[in-house]
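Next, two complexes with chain A in common: one pairs it with chain B, the other with chain C.
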Partner chain A sequence: MRPALTWATAVVLLVAAWLVAAVTPDGEQRMADPFRVSAEIGTPAEGRNVGVTIRNLTLADRVTTGGWFAEGTWLVVELDAWAVHTELPASLGVAYLVLGDRTFAASERPGGYDTDASLYGTGLRVGFRQSGSLAFELPEDAATESGTLQLALGLTSSAIDPEPSLQGDSVIELPVDLATLPHVAERALPPTEWAAR
Partner chain B sequence: MTEPAASERANRFARLRAATDRVPTKWFAGIGTALFLAVTAAFGGLAPVAADDEPALARLAAGDTHTSRQLAITVQRAVLIDELRGSGSFADEEKGERLLVLLIEMENRWNVPLRTFGTEGVMDAVRLDGDDRAATGIVREDDQTFTPWLQPGVPALLVFSWTVPGTAYADGDELKIVLRDSTLQVGQLLYTGDTWGEPSPAAIVTARIEDVGAGAEESQ
Partner chain C sequence: MRRSWWRRNAAALCALVVLIPASVVALDILEFGAVRNATRAVAAGETTRIDGWEFGPVTVAPLDADAVGAPAGSSPVVVTIPVAAGPQGVSCLLPSVHEPTTGREWRTITTLEWQPDPEDPTFCTSEPTVPYDLSYAVLLPGDAGGPLVVELPLGTPDGLIDVSFDIGG
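Right after this comes the complex of A and B.
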């Protein structure tokens, strides 16, 4: 190859690399951004392999299931959930409530007492919807805040930082204003069942 | 002109050499030490070296709260018990083992949930003095959720338990508990995500051990 051609090729490649870097939003920082899917109450929302219909949200001072109860400030999210393409793997392993700079995860406590009391971590099915609930245990001062509910498949579990758990897959997001939600004294968590379509 | 001077200097050097040759080599160490001490004395003498450069640990009693960037920790009670169902720790009666149980209120002061197991520092935050083991069981006091998550700003009453030789502790003993603070480590390059690590002692809690025997009161 003639030297002039070599140089010309090198310059073209460098310019091309610079262009790619320039048009990538925020460089490498956002390479693994989740694919956000906005949801509305009562309307099905589907991501890559997770679908949900969020039915209602309630604040409660006490939640119960069977012989288990817990007092405090709880957000109970009732929803239907299903897998879109494959059941392996597909479990509702990521359920966050982001309020300001704080992130809360759905409580493992009701499901620890009775797996049917929570959809958190439940395996999802293709073609069959399951209805149930997620319960978030919150500090009292959070009851007036607003933020976002995030639901996704749990593919990574090692990181405690929520950000890596949401990388590179669909996240279903619902804006939540806790101050406007009904606030009841006690809520019995609905059992996980096959949902009526 | 220079020659006599040179020979004079050589002469002086030879004399000095002859003089030093008469000093036995063995004395050198002694002379050196004496010189060192003399110089030291001139600067104020030898002072005792500070025995411990580490900052003094906070001294707390049962019921006092230790607060770090990550956690607020309040050790409430220390209990010695034969066995405690749901605690996650199993004492082998035949080996004479019992359980040392700490009732601890913990609040996550960080902005994302913390696990009580694994490397996030929660299980590393509490140690018995002279025992480097993490608690063999960590459960919630109210519903025995095993190694529960701590949500930000939501305090939880936890049961930390250790299997211990039955003779190691006794009713009424002053138990020293070491509370350790971890440092936030921000993931970079190949690793993403924040984690807590490098726990180091921050406070000592002294609590009186209550021996509840078989533990009828505790075992529900």
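Right after this comes the complex of A and C.
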């Protein structure tokens, strides 16, 4: 190969490599980005293997299930949830409410008292929708803020560190303005049950 | 006189002749992490032997949806895996039902109002010397028409083996 052709090939390859690096958004830092799926109230939203229909959101000063109750500032999210193609595994274990620089995980308290009182960590089924709720226990000053509800498959232990649990898979996202939500004194958490399709 | 391209690159070509077969051999020999053996496919109605254990023939029988508290429009089934136990050292993970045409997968369910025969073990054990059945309920939707495959992962001294039992349509 002639020296001139060798140098020209090297220059072309260097420029091509620079172009690839330039058009790759933020390099490797973005390789594990979640695949965000926007949701609307009452409309089914489906990701890779998780589907939800968020039916309504309510703020409550007290939530109850069976003989258990807890007072505070609660956001109750009523929804249907299902797995799209596999149940191995498909647990609704990632549920965050992001308000500014604060991230709240869904409460494990209702499900700890009665597993039917929460969809948090429930195994989702292919071909069947389960209806139920997720409850977020919030500080009082959060009730006027706005942010984003994030739902994804994973283990409930992911509440320890939100960052890795949102990587590389679908995340259903719903914008939430807590100030505009109905605010009730008490909310009985609905039992988890099979939903009509 | 200018030497031919083959002569000028003789050293590199010799290296390739050595390195390419060496890479193939190395990929074959080296173990990358846990051993996951090739899936063993078992035809409908057939059994398979692994380390002195015999599994099959696997059957899938329908359950009465109303009687077991399954949702409307569902097709709950019982997956039965006959086992003739061998020596210790083999363990079973929970089976799952696959629909290859759609890629859908269902795992076992324990919340239906159905219980396996209390005489049978609920996991692989070499305790009973007589053959026994492993039975699990699986909740399929009404549109799961098949053909279906029951997949049973087995832990053996040689690593994990997925046994795939063809059930037919």
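Note that the second predicted complex is superposed on the first by the 178 of 197 C-alpha atoms of A that agree within 3 Å, B and C clash if a C-alpha of one lies under 4 Å from a C-alpha of the other, contacts with A are read in each partner's own complex, and residues count from 1 in each chain.
Simple rule for what comes next: a contact is a pair of C-beta atoms (placed from the backbone, for glycine too) under 8 Å apart; a residue touches a chain by one contact, two chains touch by 3 or more.
Quick caveat, the model's predicted, so the values are computed rather than measured.
In the superposed model, A:Pro139 makes contact with chain B only, not with chain C. When the two structures are aligned on the shared chain, A:Phe128 is found in touch with chain C, with no touch to chain B. Touch criterion met: A:Gly72 reaches chain B, while chain C stays clear of it. Applying the stated contact rule after C-alpha superposition, one finds that A:Leu88 touches chain C and leaves chain B untouched. Looking at the superposition, the partner that touches the larger set of chain A residues, chain B or chain C, turns out to be B.
In the superposed pair of complexes, A:Trp194 makes contact with chain C only, with no contact to chain B. When the two complexes are overlaid on their common chain A, residue A:Ser107 makes contact with chain B while staying clear of chain C.
With both structures placed on the common chain, the touch criterion links A:Arg55 to neither chain B nor chain C. Interface of chain C with chain A (complex): residues 71-74, 96, 102-107, 139-141, 143-144. Within the complex formed with chain A, the chain B residues making contact are 111-115, 120, 140, 142-143, 145-146, 148-149, 151-154, 187, 192-195. Residues of chain A touching chain C in their complex: 85-88, 123, 125-128, 194, 197. If you check the complex, the residues on chain A that touch chain B are 32, 68, 70, 72, 101-105, 107-109, 112-113, 136-139, 141-142, 159-164, 167.
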